[in-house]
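Please find one structure pasted underneath; my questions will follow.
Letters A, B, C and D mark the chains as written, and numbering starts fresh at 1 in each.
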Amino acid sequence: MNILERLESGLVIGDGGFVFSLEKRGYVKAGPWTPEATVEHPEAVTQLHREFLRAGSDVMQTFTFYASEDKLQNRGNDAAKTFGVKDINEAACKLARTVANEGNGLVAGGVCQTPTYLSGLGKAKVQEEFHKQTEVFKANSVDFMIAEYFEHVEEIEWAIEVLKTMNVPVAANMCINSEGDLHGIDAGKCAVRMANAGADIIGVNCHFDPFTSIKTIETMKTALDNNGLRPFLMCQPLGYLTPDAEKQGFIDLPEFPFSLEPRVCTRWEMQKFARQAWELGVRYIGGCCGTEPYHIRAIAEELSEEHGRMPLGSEKHSPWGKDLTMHTKPWVRKRANREYWENLTPATGRPESPGCSCPENWGVTAGSEELLQDF
Amino acid sequence: MNILERLESGLVIGDGGFVFSLEKRGYVKAGPWTPEATVEHPEAVTQLHREFLRAGSDVMQTFTFYASEDKLQNRGNDAAKTFGVKDINEAACKLARTVANEGNGLVAGGVCQTPTYLSGLGKAKVQEEFHKQTEVFKANSVDFMIAEYFEHVEEIEWAIEVLKTMNVPVAANMCINSEGDLHGIDAGKCAVRMANAGADIIGVNCHFDPFTSIKTIETMKTALDNNGLRPFLMCQPLGYLTPDAEKQGFIDLPEFPFSLEPRVCTRWEMQKFARQAWELGVRYIGGCCGTEPYHIRAIAEELSEEHGRMPLGSEKHSPWGKDLTMHTKPWVRKRANREYWENLTPATGRPESPGCSCPENWGVTAGSEELLQDF
Amino acid sequence: MNILERLESGLVIGDGGFVFSLEKRGYVKAGPWTPEATVEHPEAVTQLHREFLRAGSDVMQTFTFYASEDKLQNRGNDAAKTFGVKDINEAACKLARTVANEGNGLVAGGVCQTPTYLSGLGKAKVQEEFHKQTEVFKANSVDFMIAEYFEHVEEIEWAIEVLKTMNVPVAANMCINSEGDLHGIDAGKCAVRMANAGADIIGVNCHFDPFTSIKTIETMKTALDNNGLRPFLMCQPLGYLTPDAEKQGFIDLPEFPFSLEPRVCTRWEMQKFARQAWELGVRYIGGCCGTEPYHIRAIAEELSEEHGRMPLGSEKHSPWGKDLTMHTKPWVRKRANREYWENLTPATGRPESPGCSCPENWGVTAGSEELLQDF
Amino acid sequence: MNILERLESGLVIGDGGFVFSLEKRGYVKAGPWTPEATVEHPEAVTQLHREFLRAGSDVMQTFTFYASEDKLQNRGNDAAKTFGVKDINEAACKLARTVANEGNGLVAGGVCQTPTYLSGLGKAKVQEEFHKQTEVFKANSVDFMIAEYFEHVEEIEWAIEVLKTMNVPVAANMCINSEGDLHGIDAGKCAVRMANAGADIIGVNCHFDPFTSIKTIETMKTALDNNGLRPFLMCQPLGYLTPDAEKQGFIDLPEFPFSLEPRVCTRWEMQKFARQAWELGVRYIGGCCGTEPYHIRAIAEELSEEHGRMPLGSEKHSPWGKDLTMHTKPWVRKRANREYWENLTPATGRPESPGCSCPENWGVTAGSEELLQDF
């Protein structure tokens, strides 16, 4: 079944975040966040794909985040020169396909926002960047495409236009909250414009936590309904809690990107999110930055009935901590139940840390001189 | 150079925590925490070894935590029956050696506390469990041995006695804070007894956070000094902050083991720990549960001068966030400096979570009926 | 000048909260919260009036909160029987007038929500309760009337109708946030209805913190503007921080009323509120429960220019901590400046306390059987 | 019965903090903290005495804190010149006696640390300051004397020597934690030296929270026991929580003195303290800065059996919130029980505030040039 047929018949589980996971494993550089690891360290990328497959993911997303040529050579990055946009994207396709074939997985190619857009160089230049990638995706026969991590609805419309020429299903995700895109267009309107541009699957990824993202999808759904539009809904939020993030999302939080640890979601928070997303009508549920394999497994366990199966990885994880009955200490064995974990508000172990931060609010975006990039 | 020569000439960096990392990756079951993944999923274990090597570890510790036969069959665990103590330990040795050979690494075999001791079955039975493992370690020519995660000094003395028969250097680590072991023997006395039992390297691992563990080592050092003993000092603490944990450590915290996320150390906290440990005279510095590859890299970067090299993994990580100069957003680029990260107290993103928990204090230990295990 | 003339020509500063202050001083019972102290302990009530006068208050509000007869005899309260509605209200008038005469103060009589309304007994019965009080206020020639602490716009309309018959200016305050009253009527509509009922001064008091209340007034102001209505605006919020309170306000927080201490506003937070309120166009600024004399002084100091004078009590308080230059310790002397206090985020001294609570949400209100009172 | 007979026969309840309470009421200036209000605003001082009497206090402590002549003229303070040390102390005696006579109260005169000592001017000069006060106390026949708020055991010894010449019982309290005084003399030794100097009642006041102070008394008690000394024990701690304060106490916390609000103890915390103090053998229990009348009432209610009576003020306060049964809202009525309040961990309403601060650690004290005072 292709992605649309799968969505038609029920739940599709996405994968989690590659750049943050691989940064912690030592293969991605925070700052540029580019995916040259597909060429440099294919075994590490493969292993992470495999962990997500095992956790219940139906889709192997090619590790091509920020793999447009302009980004690969932006601000001193030499990945474009050393490896080239073609090789990086092609390696990503092959790794994803290899692991997808180990299960019953689909491969999704992906494109995201470009420095070219941020620098205000116009539609033709931006689409040219996408074209360099889509050629590789076509040559490698990905099963469908995801346009994700877009902050401006205009840019994602341009992306969708390019992706539609590939004749595969297209998913479109913006990294916004309900307030909308960075040019002030509200989330409902963004959803309608993405649908009108031809996206088959619509939603959000990254920048905000699971519960904020649920609210954004609600806003989108209402607007889509009001316009008689019925695309599939998709949600791949952060694996971090960001109640204090404002419009620009977690990059504005002072903790981004090196002190986000206290914000990491527990598996129980992820289960709660999965349930809420499903009940809202979201049919494609996964994660973005900060979402590790066990977070995806939590989604797959919470929705195992809807998904029709338990994930392979649950051979090492009984729902709601039941395996703690095998712990040597009796007081830990007492925690082997749903009530315990569902009701626990975890302490942070950080008496000198506050609950919320004051996000930076630069309020500049595409078109601002300060955002001109340096290719 | 063997481990003692390396310690003599400077710093040795250990690896991080396997059971918690692999639990999150989907290969270890929380509760029993046993390492049958060495047989079931060798590629996942190998990959984690490789990440630690890349992060700067000098030692590949065999993934043989809780791999004593009594633990592999405790409380319904069928790992002993399915795979057997010999195969699990042997696979662990081979995986560690393979990766050690990819760098200039040493292989350390490891044993830890046994259910047999907790059940009060006596010295002969306990040592028998260790013997089953040491036979495999000898056959596989590990470079040295680590006895770790012992809560009772009596049991680690029995372990050291067995390990000394292998004629390799022996490190001994208890999982205690300065209050001492679970029979009420203070940390200083524990250190002296471990040294007198023949351990060449002495310290603590697991159960407490880096800063609590520093204080324990201080207590140990004072007692060792007062007794004219000069073993090398070693510290492999949790990668979690546990200021509220009492004598039994983090397993007593209500968040153990499934809601510890907000307590994960940042890389900057890990650097601070590394510096403090080095200044105290600790020469073997690594981590235990919760310590991911990037935490080990943080140790290796902080002490790169003392270590004589930057870790391989730093090709993707400039010290103190310098790579953020390559970020697309100007306000994030402003964070590319030491002062910013060193002074940031991270918010937890959890306004409904307190800073500290109230640990459970069962106050029972080896010898108590409640702790009889069920093999 | 009467109250309207004073408001016309500038700022009027109200007083703070009597029931919570006097509860802590030992003269009011939490639960019934009735003001029989006017008869029982007139010296204590007088002293508190005097402290507010000294802090800068222009208005002495009679301590007649919950002094309707039905409340004085509700749920086992014997204040009605022992002292009687007439004596309690009359004593309150005399005490307020005595202290008002010590400065240039006005006396405001006050009525608030009634158990009769909560029990659904209808307009006639409710207004009868107000009439018993207004007779006393008329006989004692109060300068104007305040209807405050109403949760339902219908009930405050009935109150305004009664107060208008007194031929003095009428202020009307509801204890709501921008969501509106407990029957679901939004805050803007409530403001318009109060103005249309004849209130000269309109706003909110109690139930929410200063910053939440500012937002409510904003909502009210917009609606009033849109309806061409221009009453004076008034704001007398809690002296507690309640970011987590929902529609029913702080009584829904688990800490109400005996563990609110960590939420007490600092004087600096109060100054911030005063400035924001003034800038929004609020001309009558004071406080409710939790607002102590020093909070009122903080308002009077922040707006001393607008008010035309510094409060008497500032003989013991230089703005922004300048008197700390007289402290014996040099490091405390360094705190004698605005920058220090304005930028300090105070620690709570409570590592086991979270930042927010989960409020109760009973969702029942006037008309519900559970709210029938027991006179 | 005199104070020693009362202590012999059971519990004595002290009063709370005057300078912080009266600062908030508008009669004391933070910084100098001197008590000229006894002359300027006797009605305000009297009212506070009365509230403490009503709350259960057995002792009216003269409001003579920092009323030594050198302090009254220190750093620009003109209280010495305007009113004079004699008048301020005398007025304090009269106010305390008036209120003591309204109940069965005792009057205690008080002296505390002097700028003369901080400036290193020697024993004769320091004792001269005490003499100026004790003359007034003798002339006004106080029932006993309290030397309190001393940071250096040497200075309190000098004070005790002076007080002993008055031929009344002497209590001696230092403002230290178990680490000891600011010259590094541990708390146990301080206690022994105070007892040897002739103090009949020994303990701590101010600077630290109730629970820290309990630990200090424990340390003192052990040392006294070991030296065969059996003075009565006394404890009058802060009404603020200060788990993060180090040796110099709460003045080192960044929040001192104007942002301590979130640290105010609840009545339940005060009851817990009272019970712990009593069980440790403390027989004189009261409070210092931050302790309001309702905190003293909480002590008196918790120990009403030991004290032989309920405080007068409990006519407005049933134990453990029982009066909430008279609240209009059913969900608040459900809180009318001990279990609810004893188990509630109050939220701070401050998601941007941490639990702990980093105290300043100047590490200078008497004798340091930086501490020379400016009379």
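In this section, a contact is a pair of C-beta atoms (placed from the backbone, for glycine too) under 8 Å apart; a residue touches a chain by one contact, two chains touch by 3 or more.
This structure is a prediction, so every number in the text was calculated from the model and none was measured.
Asker: Just grab the chain with the largest centre-to-centre distance to chain B, centres being mean Cα coordinates.
Answerer: That would be chain C.
Asker: Looking at C-D and B-C, which pair shares more C-beta contacts?
Answerer: C-D
Asker: Just how far, in Å, is the C-alpha centre of chain C from the one of chain B?
Answerer: One centre to the other, that is 58 Å.
Asker: Averaged over CA atoms, how far is the centre of chain B from the centre of chain D? Could you give it in whole Å?
Answerer: Whole-Å distance between the two chain centres: 48.
Asker: CA centre of chain C versus CA centre of chain D: separation in Å?
Answerer: The computed centroid separation for chain C versus chain D comes out at 33 Å.
Asker: Which chain D residues sit where two or more other chains touch them?
Answerer: 243-244, 345, 347, 350-357
Asker: Where on chain B is chain D touching in the complex?
Answerer: 345, 347, 351-352, 354-356
Asker: For chain C, which residues count as touching chain D in their complex?
Answerer: 23-32, 43-44, 47, 50-51, 54-55, 74-77, 115, 118, 209, 240-244, 251-268, 292-294, 297, 313, 316-317, 321, 323-332, 335-336, 341, 344-357, 360, 362, 370-371, 373
Asker: Please output the residues of chain D touching chain A within their complex, sorted ascending.
Answerer: 243-244, 350-358
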